[in-house]
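After this come two complexes, each holding subunit A, first together with subunit B and then together with subunit C.
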Partner chain A sequence: MRNPSLSSISRSEKSLFPYLFGLIFLVGFLDSWWRAEVRPLAFFEKEGREHLWKFLSGMFPPDLSWNFLSLMLHPALETIQISVMGTFIAVVIGFPFGIIGTRTFSVGGVLNEADVKGSPSRFVLRWSGYVMARGVLSLFRSIPEFVWAFMFVRAVGLGAFSGVLAIGVAYGGMLGKVYSEIFEGVNYRPLEALQSTGANKLQIFFYGWLPQILPNFVSYTLYRWECAVRASAILGLVGAGGLGTQIEISMRMFDFREVLTILIILFFMVAAVDYISARVRALL
Partner chain B sequence: MNEITPEIDRPHIPWPSHEDGGRGSLWNYFLLASLVVLFIWSYQGSEIRLAQLFSREGGGEILSYIKKLFPPDFSPPVLREAFRGAIETFAISFIGTLLAVVIALSVVFFASRNLIFSGLLYEMEPRRGWRRTLRLLPYLCAKSLLNLLRTIPEMVWALIFVFLVGLGPFPGVLALGIHTGGVLGKLFGEVLEDVDAQPIESLQSTGANRLQILFYSILPQVLPQFISYTLYRWEVNIRVAAVLGFVGAGGLGQRIHIAINLFFGNQLLTLIIAIYILVTAVDYLSAYLRRKVI
Partner chain C sequence: MDQYRLEKVSKIFDRRLVAVDGIDLGVQRGERVALIGPSGAGKTTLFRMLNCTLRPTAGRLWINGDEVVTLHGKRLREARRKIGTIYQQHNLVPRLKVVHNVLAGNLGQWSTVRSLSSLFRPVDLELANRALRQVGIEEKIFARTDELSGGQQQRVAIARVLMQDPEAILADEPVSSVDPSLATVIVKLLIEISQKTRKTLLINLHGVDLALAYFPRVVGIKNGKALFDLPPDKVSDSLLEELYSGHLPDNQENGLTDEESKPLVYQ
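What follows is the complex of A and B.
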């Protein structure tokens, strides 16, 4: 008589996977160590020590003069504005693409059974729409927002607008993917019930789909907004407005007191946004 | 008479009160209004020029920029450079994530409450002893250290480390490791804090000391989640490592930075394709490992 647990143990003992994995891991590690030019003692060499000391001693005390703070007020607010508009554009991009990229809404599932059956041309048309939406979303999100920002700075000029577009496009791709996952997860019974009363697709969407997904939808969008605040704070490094530009300038001028001040501002800003977002999500 | 008037026993079901609904919707209106205000304020502040974007001039500019990207440059030297950049990016994310794990693991045991000063392991100790205070100290230090590492974005760490140790992939490794160390420390800490108490209690009842409890009942429980979080952060890090080069920290980003600045559109597209392939490959690898390990 076979004992399943025993056989599984002996099979796992015979498996080559751990050895193979360990070997690949080790080789990859050594190769990466060499390629990444890791110097574990960098901070103990003379040069590194001097730089570290210059940096740390240069940071204190932070520059809290009224002059500098008032200068920073506008970039800090601009960072928030970029994140809000960027998230808005991301929703505008992600929502329609997310719907088209939902298999159960555009291609198969209860809703489309009657439409698609016995009509291969219609099926192919819808399927190609679905694949295209998926492809666009995947393209948007796999190019990092930094690269988008850099390209938009070249295309529409320096300033906050290119940051907005970069966040909008990159986060649109991410939101679209997550939205379609949320859409896939809805309960089909209400949709079917609506369909049986003769509701058309738009009505089904508004009365069967939307009420189910709304909490998840809002909370994920808010989460992305938090991420967008962090992202827009550093997009300025490539000239897309906000606090990042100031960090870049202060860093280039080796004024570490200003760097510390900006980091403190950034800390409080991110904490405030996290708090607001958490409060709103708790309301849902 | 009383027996046939059962009104008093009837459960009292209140009518849906309009006041509650009214208050709720007022709050909703307030939220909506503040959202609209936030939106308008942001619209004005962020120099949105949608008209420009869709006008013939602005739209044409973008279209001509996109046209310049095609076709991607697949000549051997460019491909070799893209390949080298991709490998370097991979190396940065790999070593950076390992460094992050080392940092997180060396801090997290001090930063989780149930391991350092309260809960099951310490219930035999006096509540307000000086030893408890002594234990609270490393806890607070570790927590604030993790917060500090986490709050500063990777790119800013990269800027700082480029200043400290010079250009090249190494500052990128440090930046990723430090920031991700903070993030993983927080995630690991959350896993450690809701570890199942029963195995700990049963080991404790056999007389195991705290180190033995850690190794034989806590670590086996949390290890799968640790690995899963690490793989997840690795996926994030490969994306970040691809752009760290913008501030001089090596990898594909450095080559992209050069290609954009010198208007080498065709090479830029090749590099972007390289990023796409690399990111997708790492996503699949990570998903495969997660399925295999857990």
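What follows is the complex of A and C.
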């Protein structure tokens, strides 16, 4: 039995914590409200109302002239192409780094018990590979794609390729992290069974490993592609090509009707991409 | 000829968890042996050494006259190919179709290219069909494996071993996840298969009755050691009592298994 006085102290400590936490949260919340200048009523004040109205009415009607729409066709296509190429590069980066960053593979070794045990130097090598892959992935994804685009525009010049690189690097970091979580969840037992039939590593990969990861792998990659379509539109604002560049131009010319047209195009594009990836996922 | 020879074989995980503790055992080609004993006795770990998944920490283990520590690469895979394993949890790939799980028994013989192409268009469909017919579920050949019941999946696992056509079959608790009436059917099926093609059959069983009824040699394993190694009529009640003392054998039928009752270590 525990000392009763001790247990009563620990109980009172325990019960104090939620209140303390709640208080800190409340103070933090109110402080954020104040400092972030959250003023919902701004919409209803006379000045705000006028600005909002000016902006919105300036957008109507959208410029649906064939002249402008045909002009937007190429940037719209470019936005999709940037997102596809960017996602491709992200997979190329994320997949290998994701594998090296998967603990059970790089450090533990799922099936090579006998081999792994070997020398301490190999163990250090595997560990440092794991740590490095993890570090690179978190560096890639901690810098926003917007900032990457900013840097790549300076490195490779204005245009689509800097957008592709920005998405590729930033999304590569995100994909790699999630991939390694997917890989971590692979059930090793079927792999062990395949190994015990005399299968080699590649055969185990195709028969046991790939079928297990494929659904999550495809579905998360498609989700990232959806995000990449939106992102590639934004990246245009810093000169990385696509629809974003057109938004920027129209905004600078205060032609909000054109802006609305571009937003409508973007809406349909994102909806179409959502639809396509939902259909593909349903197939899995 | 010796299928297996074990001299003081031990397996220690993490330098302190003793799973198998100095077992001596010899198994002849074509012999039929049942291993019984409480959960956590080390039976599964022993089997994972016998099918070349794990290597002994200490002691010597020969398979077909080859000492396992000398086997690497191609020769190791060849040794594995000659041993077919049936697992308690089937260890099939759930998302693959039944036909691919069955044909996976061929991986040791197939080239990588052939195995890959089979995933798109099954080769040796007739062989897979025959194996499934032998275990009585040929109609499931194109079903997805995770849609089958536990008993059906165990049959698929047996069909995989039929496909593999090994010299020895290791069955690790093959019936503890199926209902008792099916358990007898599956054990009989395994015996029939091994007798027909003169394969060695080693089986881990929780059910003492099945072991005593169908196997000419019964080995009792407790705390990683072999407690007895006798024909069934010599296995007395007092021996069984000693084997399971400190354990509740009734709980083990559907309760904890070797693998779940202690942490698995793969390093």
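In this text, the second predicted complex is superposed on the first by the 248 of 284 C-alpha atoms of A that agree within 3 Å, B and C clash if a C-alpha of one lies under 4 Å from a C-alpha of the other, contacts with A are read in each partner's own complex, and residues count from 1 in each chain.
Here is the rule we use: a residue touches a chain if its C-beta (ideal position, glycine included) is under 8 Å from a C-beta of that chain, and two chains touch if they have at least 3 such contacts.
Because the structure is predicted, anything quoted here is derived from the model rather than measured.
When the two complexes are overlaid on their common chain A, residue A:Met269 makes contact with neither subunit B nor subunit C. In the superposed model, A:Ala133 makes contact with neither subunit B nor subunit C. More residues of subunit A lie in contact with B than with the other chain of the pair subunit B and subunit C. Shared-chain residue A:Ala240: touches no atom of subunit B or subunit C. Contact with subunit B, but none with subunit C, is seen for A:Phe29 once the two complexes are overlaid on the shared chain.
Of the two partner chains, neither subunit B nor subunit C is touched by A:Ala166. In the superposed model, A:Arg189 lies in contact with subunit C only, and not with subunit B. Partner subunit B is touched in their complex by these residues of subunit A: 17, 21, 28-29, 31-33, 35-39, 42-43, 48, 51-52, 55, 77-78, 80-82, 84-85, 88, 139, 142-144, 146-147, 150-151, 154-156, 159-161, 163-165, 230, 233-234, 237-238, 241, 244, 247-248, 251, 254, 259, 263, 266-267, 270, 280, 283. The part of subunit A that touches subunit C in the complex is made up of residues 104, 108-111, 113-114, 116-117, 188-190, 192-200, 202-203, 206-208, 211-212, 214-215. Residues of subunit C that touch subunit A in their complex: 48, 51-55, 77-85, 87, 89, 91-96, 100, 104-110, 112, 115-116, 119, 157, 160, 164, 266-267.
Taken together, the subunit B residues at the contact with subunit A in this complex read 27, 31, 38-39, 41-43, 45-49, 52-53, 58, 61-62, 65, 87-88, 90-92, 94-95, 98, 151-153, 155-156, 159-160, 163-165, 168-170, 172-173, 239-240, 242-243, 246-247, 250, 253, 256-257, 260, 272, 275-276, 279-280, 292.
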